[in-house]
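Listed next: structures, encoded as structure tokens.
The same chain A turns up in both complexes below, where it pairs with chain B and then with chain C.
On to the complex of A and B.
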């Protein structure tokens, strides 16, 4: 647990002259941003060169973060499984399921604990070993608290089995810390109480047990009074302990490592059939007796006390303050919420506590370069603000490779986040266009169903064609398939290429009608009409008549449309005059060719076949 | 299919590959390599599967695969292949291709060769040469072929500093995967749903054959060639569709099988039992497709057996005249004789399964949930 009575460590920011300049900072989910401001510390403005960088400061968790990642990943699996637990399970079977989930969580914590413990004792560097040990004790405390919460809140053990569970709890945790002392005291207890409780049965009612215990207790007292053990002071104090004599127990304080060990031992010998609601009396007095006014309770003690008092909110609140990450409180609160133990505790922005904690935890995961994929599932199960948080976070994941982008897109598509899909695809398509990967750009715009971008890509292709006189990336254009329908420009591109292909195959009549339809159906951009008409020239000049009279009229109409639109320019300069010349020549040639073709086609259509 | 072991390894696994056994050896494989991705420091690691019965009493260490050695890798590991017994080739998201050598005596990995500048974008907007991720590798000793997001194909030979052959602008979109068909021929798949066959004996920069999907041009992510019949190829697409192609016949797939709900990342024919096919996907599942026709009691269209078998719709494109002299069960086009049994191998749904590999009775796969699953009893 974090102690606040040690001096905070000082971290120097390289490049920033902290003597002269002031720094500003901002907290993020797991990191802090720091940069230099232009405010000087002293009044006189020294012209000190400023530091232009923004620094990211992060706690050095490299040491144990590898093992904690296993905790995050495994618990993610358990979390998702818990959410999918069907609502129809009620009563006992649901409770068994929930207890099993709780035990799963705890076993994951224990596994990490074990691994870290191994590393702590095996490591050679004492500083790293210390860090590991701190983390080990932190995890150990977490498991302790979780276990107690499981017994009190999830298992909801009634009087009788309650003490058994508490005994297990203490044994589990005390034994691992100090096995030697526990052996001495612990070994006495099981033999005595196993004989006594008759464990497998549990068919006895509470009253029967109470009677039996009463009987046994009286017998012990009688032995003490009769002085049976007078000869051996050791045995006598043992008898006193078994009678639950507080003073005797306190004498063994050295062997009882913690106040809750004291509490449970005390309960075992004086009030074994303690009811859950009475626990907190004994807990408070045990704590006071054990500490004896020498030391004040630590955060862990306060948390356990709150648990004994069945104040769940207090437990969660104290844990949030004491522990350094949200993992523990988020998962525990979620589990308790599934047990229907938390009333909707309205926080000031409206969502309940479980959701608040899960959102905090998931935001922290998104700040990690790798664990963001886990965060997605947590956001999914926050009904109020989860989706909107996910939308904000998912757009900001840095996309270094296409494969990562595909995974992010899949997440968005599965949740119908069309805006995010569109914006991510647009970013990727722009990058592709800049790198001259027009095929990739097109495939991204197809995925986002982004007609505007498809038009942009097609324009690029057409521009390349005009500049170079041939198409690049024929493999793409020839194989557009149904994607061609995405945008008009794209359809035009496909059809135009088809025209070239038909021409290459010498299927002139088909090519001609295709060319004409491209113009008349308005899918060709106006700027391209000149090129199309120029393409028609060789067809007009062929020996055989290809364009019919009707078609020739159409072509003429298009040409007139085009030329009549020419804006009147002001002061033409030399280059423009030259361009105009070229244009005029082209138009004249076209007019001539069209007129000649018209003549020929009229004659051809007018004459009889074979004459 | 029993007993699959999982182990959480604190890194997202992008590729897993079994080490090949020496030819003629009767042993099963015991070592596999993994590559990680999306970490600030990525690693290529070698793992060993020990003897069974090593289960720890504590729940944490269920898997019996142990880390042998690892080495830092710059950038995400985009593809990983064993070049031979000791050498591993890795493709990086920085565009770099690295050959690692494993030293068995002291269990370390070291870099023996690296081709760094092989992959870049050129274009009016890109500053000089911005690097492009390398997405796929195919090895056929002594040659290594790589493809990447820049649409370029590079042919390397081990121990040669420069690329032997480069096909620039082989594709206007991203090439996702590559495999050898016959030694001078390779097959690539791209993100506009096309398969292209390239012949290195020819000088030009044009593919010798292009095949593509009908309908939507869904990007294809993975490809694998049938071990015995070099004209049969399986591909997996972005919509989770599995397609089987016969590259001698026509330009369309022979069969299309609707499989996963999300991108299919890898498809593998089993190298010694090619009637078995394995696929893994972004939807977190790993499927075993069993098309063996020697078990009489399998009923025709309904799939049973296995813990989580699923019924699939099966659509076949019109392919006439499949030459029947050497029938592969994958090329059967008659639905009434169809007998593919599908089993899901992972016990519960997880995050994306990025990679799988099969060799003999062993299967390994790696997931985005930072877990590696291994089984040594694939056909029990």
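On to the complex of A and C.
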């Protein structure tokens, strides 16, 4: 495909003097920041800040329009349906379906158009009305182009029906065509015309039609040559019109608002069985005749002409610039691609035009706080770069509420986007920790499968417990399940809480052996052993013997390990422990309790075995 | 493209940098007035300055956000020879009530003996790491081993570049196939024509950064440098701001072909070079998907560059100062972009937003008598010669409006009122 030269769009930034200053900028996910600056650090002369404003630049305005959002929402459903159509149907029923899809798209445009039009005429402010009517004009151009593409590329109407479709097309899009045709048709011999125009019916072949039409045409010509209508100039010009005389038609240019209206009229009277392949010839000459060198073709003319030439790529290219609206080109291209009409062009990154346009459209949707959800499905149907684009976009969605975060996570989880899931959960875990919401932080870090962070949050829980003597978020900790295995510290937290539950339920023996195992299996951090041993104290003081002799030895070993290593390691905790009278007393109390329990357990075990 | 809002920055001197956070809900600005300001976007879309504080004892060149996985963390660098790391503190109910947030300095990085010209956080998969570069020609890489304790940063690497450094860029690729990589640019303007861009790669074995490549063709002062997001490609894309905008691709040569253990070698190609800024180019930066490059230059414009699917790079948009003051002193601009009166170009409203201006010539904005505008098919079409558009605007003659005949509207099924996709 050859490139057309294009001029970039210019966006004016108020208050910035580009003659003297430069701009610094930054990209955001959906917006850009621009601010006046001066990069040349040597020129310090102009110390007065010029424009003290930061400007927020948005790329895509369409997504902020309420009415166009309906267009996006509705067409999204059609798009998704079309992607499913792919495997199901073949042959004729497939074509019928594709035509139906095309009509659905057009009906959405038309509904939008009508709503926009209502707003345009309802508004009191003429400036707003003008804005809307520009959009109306743009939407109606889209529908006009789409309709023609539907006839030529999707219906693929053959000679005969082709003209019927084109008549419908002109009639639908040229408002005054009804009155015009009434004008023309009304005054001629209607029976003659109608009889002709019921063709080609089911009973007649195209050749028969052509013969009959030829006959009728010759008859008209004879009448004209014989001067049958010489007395009446009006009738004579009418007859010329019916013969498809170009000059006579052009005299009525005022009634034919556009060149394509002229084209269809001309075909109707001179080449009713025009073949699709000949269309471009008549289209070009109609355009030339109609413009008559007075003006040059405009973008819409070029688009329609490209369609008449069956140059689909040119249609899409021209539409891309003229409409500058990704919605139109993305959906039309996708539909034409489903019609197997696009040769695969090998593109940058190995992508193709359909995907290129869908990616652009979907990226635009992601700039919006809720339309991004539609964008996800478009990315899903871009086999080359859809996935990676979705990954880059979705992690940027602001996680303003938990509900929104869950929505984003669901999208990622459905697509096994593990890194994005991890990152989002991590962001939320970090946010929760900073706000001291430990329960939330823990559940997000479990979901992120972030062992280090789970350890960190578990430590916070344990620290809080040591300070306050109770746990928060019991529900969460009691129901950790297998998630407990994520990190040793989390396992410890869960098990330690389980100890408290057993203790509360007065299942002292179970509680005691769990407590001991926490130390002997090294799950409990050393810094926490003193707390655990202190927890053992009431169990040691129970009336019945709970810790066996062997268990008591283990406990004693743990205590001695802890107290003997303290001076060596010299940790602040240990130092504090040693210095602290309370702690010293605690150790002595523990030793006493352990010794007493050992004595009791030996006696108990001895007497049990003896009996 | 259109200006959605203009916000009075209220800095007392030149602003040197503006920076969006990861989600685009916060921004930071820094200035020669030695301060940094943080701005937050409210639910209604208004921006409010929530913190402003003196950060350095010299001009602050750059401000940048850490990834939100590490919390709310900023780094700044300054003419005062330091870089600093800042963290937002939650709590302080008084501040919250006033809508203000509180930022504390976690560390000052004082290793440089000259102005610190750039500061960038490493890609998040590398942990919380920070690179600075300075006029003394040294790139320094710092790490915070404990992400919950940002007061401890250790200087992990010092890379000597021999030339005064102006800018750095981390390669964002998280692929295991790619080692951590950092590109450094120099704005040294002494007459010796040395290459101004060097690329360093981390070597797992030596645990050091070693020079992988030097872009020999870039000999003029370089002001900014930016790796593009990787998109799963095997090669890297690097944009450079020098006397023009340049885009390079760096394709790793297969390892077995190079001497094992040494740094990766690259096939380097220049894929685009633009001198549209006329003179020096000061900044280059990629959008989040790496599909558009923005550059800012001496012509006072920001230009947007995009490759089409033929891998052909073109300027697709220009942001240009209009030289006239911002209307009034209102700090918020347009709240309704579709209808705002200071949209520079009517065409932007639907048929002219820059989105599509990519392959082709622009369409003039609808003008009086244009056939394009008269294609508003629901409006009465203008008789030839067409009168000015304004007379055909919708309020002109509603009675003559003709919708297509009902029988022709079979395809125009009524649109079901959709619940708006609000409140995500």
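Heads up, the rule we're going with is that the second predicted complex is superposed on the first by the 445 of 611 C-alpha atoms of A that agree within 3 Å, B and C clash if a C-alpha of one lies under 4 Å from a C-alpha of the other, contacts with A are read in each partner's own complex, and residues count from 1 in each chain.
Following the convention adopted for this analysis, a residue touches a chain if its C-beta (ideal position, glycine included) is under 8 Å from a C-beta of that chain, and two chains touch if they have at least 3 such contacts.
From a predicted model like this one, the values you see are computed outputs, not experimental measurements.
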### Query
If you stack the two complexes on chain A, which partner ends up touching A:475: first (chain B), second (chain C), both, or neither?
first
### Message
Under the stated touch criterion, which partner chain does A:140 make contact with: chain B (first), chain C (second), both, or neither?
### Response
second
### Task
Name the contact category of A:53: first (chain B only), second (chain C only), both, or neither.
second
### Message
Quick check for you: in the superposed arrangement, does A:407 touch first (chain B), second (chain C), both or neither?
### Response
both
### Message
Looking at A:34, would you say it contacts chain B, chain C, both, or neither? Reply first, second, both or neither.
### Response
second
### Query
Touching A:281 in the superposition: chain B (first), chain C (second), both, neither?
neither
### Query
Looking at the overlay, what does A:110 touch: chain B (first), chain C (second), both, or neither?
both
#### Entry: Dominant contact partner of chain A by residue count, chain C or chain B
C
### Query
A:300 contacts which: chain B (first), chain C (second), both, neither?
second
### Message
Give me the intersection of chain A's contacts with chain B and its contacts with chain C, in residue numbers.
### Response
69-70, 73-74, 107-108, 110-112, 114-115, 369-370, 373-374, 400, 403-404, 407, 433-436
## Note on the structure
Counting only contacts in the complex, chain B reaches chain A at residues 8-12, 14, 37-40, 58-61, 76, 78, 93, 121-126, 130, 132-133, 135, 149-151, 171-174, 190-194, 196, 207, 210, 212, 214-217, 219, 238, 262-263, 282, 348, 350-352, 368-371
### Message
Which stretch or stretches of chain A touch chain B in the complex?
### Response
66-67, 69-70, 73-74, 76-77, 81, 107-108, 110-112, 114-115, 369-370, 373-374, 400-404, 406-407, 410, 414, 433-440, 442-443, 446, 472-473, 475-476, 479-483
